[in-house]
């Protein structure tokens, strides 16, 4: 299925990409690779705050990670000149989870994002990944993800 | 010395690579680069748990980091089509160390992995590296390492 | 303006690059990309210690991040054969900020480094970036930054 149709089937509408309010950019392309800046989880346009193992559950974290993945898709679409079909491969995710010292399910939280990339891209969406617990994230966000992809 | 012989001299037997139980893969190749997923420390097949500066010493951490490096070698061998001689360069390690707030020897822990790559690959094993303290790691592991390498 | 003149206008003198005292190297080049090791903040030649939200303010962290960026520039110059004009693009920064659990301004700390790259390189300095809170950093440093750049 075309990625456009896949997104529609998943009832996903990609948001507008807001440029960062600082001296960095949402993505940089170099050769066939594109490096996306860390995107923090947002809900209703505001940072999705909280800490796993504290005031948020693993299921909350998975929903937040999926929301980040949707925002990453929007940035990736921009990086690919408006056409996600030009994404040859999702290469790697770095998944940062704001974690209480007792929380050890960062990998399950990360699955919320990983699953979406596979749902949208199929085999091209299968990626390498690291997930870990951060002491804290910008603006108190619960999840932040950066991504490397290969463009055709 | 051939890498196969170097491994034998170090009494290292590479393990089977178990596929992750989720929507991601142990490695992705893109051009000459291969990105390996974060591998957590394991002992006797189970996560090597604990926190540096808490219930584990720097020497424990170094042993755990070396164990991760062995697992990364096994994945790298798979990525290189079964032949580690095709590894042109170990490019970069990201070494995450589960750390109590008072523990500041993440770089010494990381040396447990770095030294192994140099022992096995010689000059091709000299890599760029970052090491830092994570609030917590998946499954309570004490060390997690991701790796980028260049294949010939 | 030439980068050499830009550095002079900013009153920046690049330091000597000290080789790491371990089995890793300050940078690795692979194809057009160069990966720089994580550099920790230093002041007067010693680790710039402390934790944001604890004994250091956001302004302190920004100054420390800028100091790291200067050290990264010195390593980048070495990687570029002594000539920073050969840097085609600053691709990505990973900015680790030693953070108390309550500190949520890692992105503002990171701006201390990001701004310098834009000041020095102009459009070529605009980069992708992730910033997050680490539980602790090597030698108790307050900030650590790793960098990927593209060389011409």
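Points to keep in mind about this one:
Residue numbering begins at 1 within each chain, and the chains themselves are lettered A, B and C in the order written.
Everything that follows uses one rule, which is that a contact is a pair of C-beta atoms (placed from the backbone, for glycine too) under 8 Å apart; a residue touches a chain by one contact, two chains touch by 3 or more.
This structure is a prediction, so every number in the text was calculated from the model and none was measured.
Overlaying subunit A on subunit B by C-alpha atoms takes a rotation of 120 degrees, rounded in steps of 5. Shared residue numbers account for under half of those found at the interface formed by subunit A and subunit C, and the copies are therefore classed as meeting with different residues. Between subunit A and subunit C, the centres computed from C-alpha atoms are 24 Å apart.
Annotation for subunit A: residues 31, 94, 134-135 touch two or more other chains.
Interface residues of subunit A, counted against subunit B in their complex, comprise 31-33, 53, 89-94, 99-107, 111, 114-115, 117-118, 125-135, 148, 150. Touching subunit B in their complex are the following residues of subunit C: 22-28, 30-31, 35-38, 51, 94, 96, 134-140, 144, 146.
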